[in-house]
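To start, I am sharing the structure in question, which I have written as structure tokens.
Read from first to last, the chains carry the letters A, B, C, D, E and F; within each, the first residue is number 1.
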């Protein structure tokens, strides 16, 4: 079993808040990350898939194909977007890195399986100091 | 003459657009960076100051003092903010990295001089692939 | 289950040696790392905790709270210190990265559990080429 | 159980192709990576071994010894070489990162075991965006 | 005056040798870098241009346009190529990083000037430890 | 004129203090960096030399030779040492990064000139956030 990871990046605006709460209440919970006028990040996304390499080809999934899937399913919906307002798979969710990683997993899972591989891990780095990993 | 650089970071939302133009016209000029619903970045800021080290102290400006100045004058106004709307020194300016670097220079220049040092360079890294430097 | 990692840094002096052995014997075992007059490193510490995100909050443990715990329990005792002489939780231990990772685990375990999360991994990077991970 | 990782680097030329296929067929499968006149990379290799630290020594395997083994068994055969033509353990294999990681595992396994440790993971980073991991 | 830098990458095979000398003589001069069967690198290219930002636009040259020029003039001729054999602007030159930086300068100079900007610096990083800069 | 940079690393213990002052007075000036029991860093050293490449050789100074000079003159005296006590060229100087950069310049200047090149810049990075450059 081999694990293949592709690193991609996207730059998004977001805000952490729960719709049912006031700005003051959101501020208490999420601090400066709840700023009503938004802020943003250069997110780093690392998607790991696993499989048994084909002995003749020397791989189980082409890294270029993995890149295409990540761009089609995830990057075009997040890069240079406001993830709270514009990203369909984040609708109705608090825009935490945790929810983002789980939502990206859901977007990628079937498309990776359709290539005969298994999605193993979605890692989202919000800053150089904060990372989240989700293994399904 | 010694050059001392302090690296700081801030995460902001922004949008590139000229107030007198329509969203369509801004889109033609700035592409996806003009998204009306904002996007954002983890900016890296490198501020370089220069001076003659005091022979007894072994430095000309304390790096901790430089960090304080950068935070007081720049970081608190940009970090977890929308720089188009909330950052006073960006008011009325297109939020390009170029304008940001020049505006940060203006914010820092006098405060660095008040410490007996000279501001040498303001470098702003918007992504890992795009940097801007301003030397006054 | 989500895995959340916080990256922190500390700069310490240390020396690898066993109290019962001479400097010559320690030199044979630990090489230049046993230098009696000390040396030091910029350590990078990555602490991973895991838990089930609260559906409403969108997380299981606030990254800011994790940062506070790491600083209170670990960083204040190591940063700009001599870990052999000044760090209580390293007393009587050889100051290897391995022992450091296990000692940091012990310092953090209960405090993370008190937040309703589980400590998953303590990673200590001594240089850009040498890392140690401990999973309890 | 402690996991110790050593990071090493090597710069090699390679080409992805299957001997039984024409250049055109290889181009269809491997794209620009099949260039008959070669290309190359700065590979980053991360080798992770695991073991129970000796309580007196504070480690289970010296990082310097691990470095020596990696250099003797792997780096001298890959660094500044053409891995398709000159690296014995890649003979007859397609020079994918996947095959490279598995071949490096085979080269290191016994030598690590002879030190009383267990090989845990071989990670090969071909570029800053593409990584492969093999756990045996 | 503002300095704008764009970072790009290319992966090439090369060999350092002087056509008039034997492999043995080249080995004496260039060491392992003269390997007749080639080796390769992930090169990092940083191109810096300078100009006076247009007050209305907030920049003097679009970073996307700079990226296009670098790709058209340089990257397509080097990436996944053998620079000694396939890169026209390296023909007849020893494939040192120094010669590469000067040749890239010549490829970019007129195209940058045609955009109303000035080429300031071409930096080529061959490994994480070796860099070359050329300022014309 | 070409600028060639070599990156090296060393891990040292140090303390900032002026011999004529008490620990309390040093604490007021240098803060936690004056800890009497030392602390340490992984320093990154970038040495830049300049010259006119020989047209036949394609370089003006071999990067391997530059590496040797840096190791002989600087690294062996700093790596895994206490720079206040053990490094001859830091004797009698406050162990600031500024003084360190100037002292390293003095150690390297003649040896670089003896190779027919000119020393251009000594850059010392004490942490990922603090750098010092000296140009002679």
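One rule holds for everything that comes next: a residue touches a chain if its C-beta (ideal position, glycine included) is under 8 Å from a C-beta of that chain, and two chains touch if they have at least 3 such contacts.
None of these values were measured; they are calculated from a predicted model.
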Task: Chains touching both chain C and chain F, listed by label - done: none
TODO: Please report how far chain C has to rotate so that its Cα atoms sit on those of chain E, a copy of the same sequence, as a value between 0 and 180° in steps of 5.
DONE: 180
TODO: Name the chain whose C-alpha centroid is farthest from the C-alpha centroid of chain D.
DONE: B
Open item on the list: I'd like to verify one number: the distance from the centre of chain B to the centre of chain F, where each centre is the average of its C-alpha atoms, in whole angstrom.
Closed with: 29
Task: Approximate Å spacing (C-alpha centroids) for the pair chain A, chain F - done: 42
Task: Sites on chain A at which at least two other chains make contact - done: 128
Open item on the list: Once the touch criterion is applied, which pairs of chains come out as touching?
Closed with: A-B, A-C, A-D, B-E, B-F, C-D, C-F, D-E, E-F
Open item on the list: Using the touch definition from the top, list the residues of chain D that touch chain C in their complex.
Closed with: 1-8, 48, 53, 56-60, 63-64
Task: chain F partner contacts - residues on chain C that touch it in the complex - done: 9, 11-14, 32-33, 35, 37-42, 79-82, 85-86, 127-128
TODO: Name, in rising order, each residue of chain A that touches chain C in their complex.
DONE: 16, 18, 29, 31, 93-96, 98-99, 101-102, 128-135
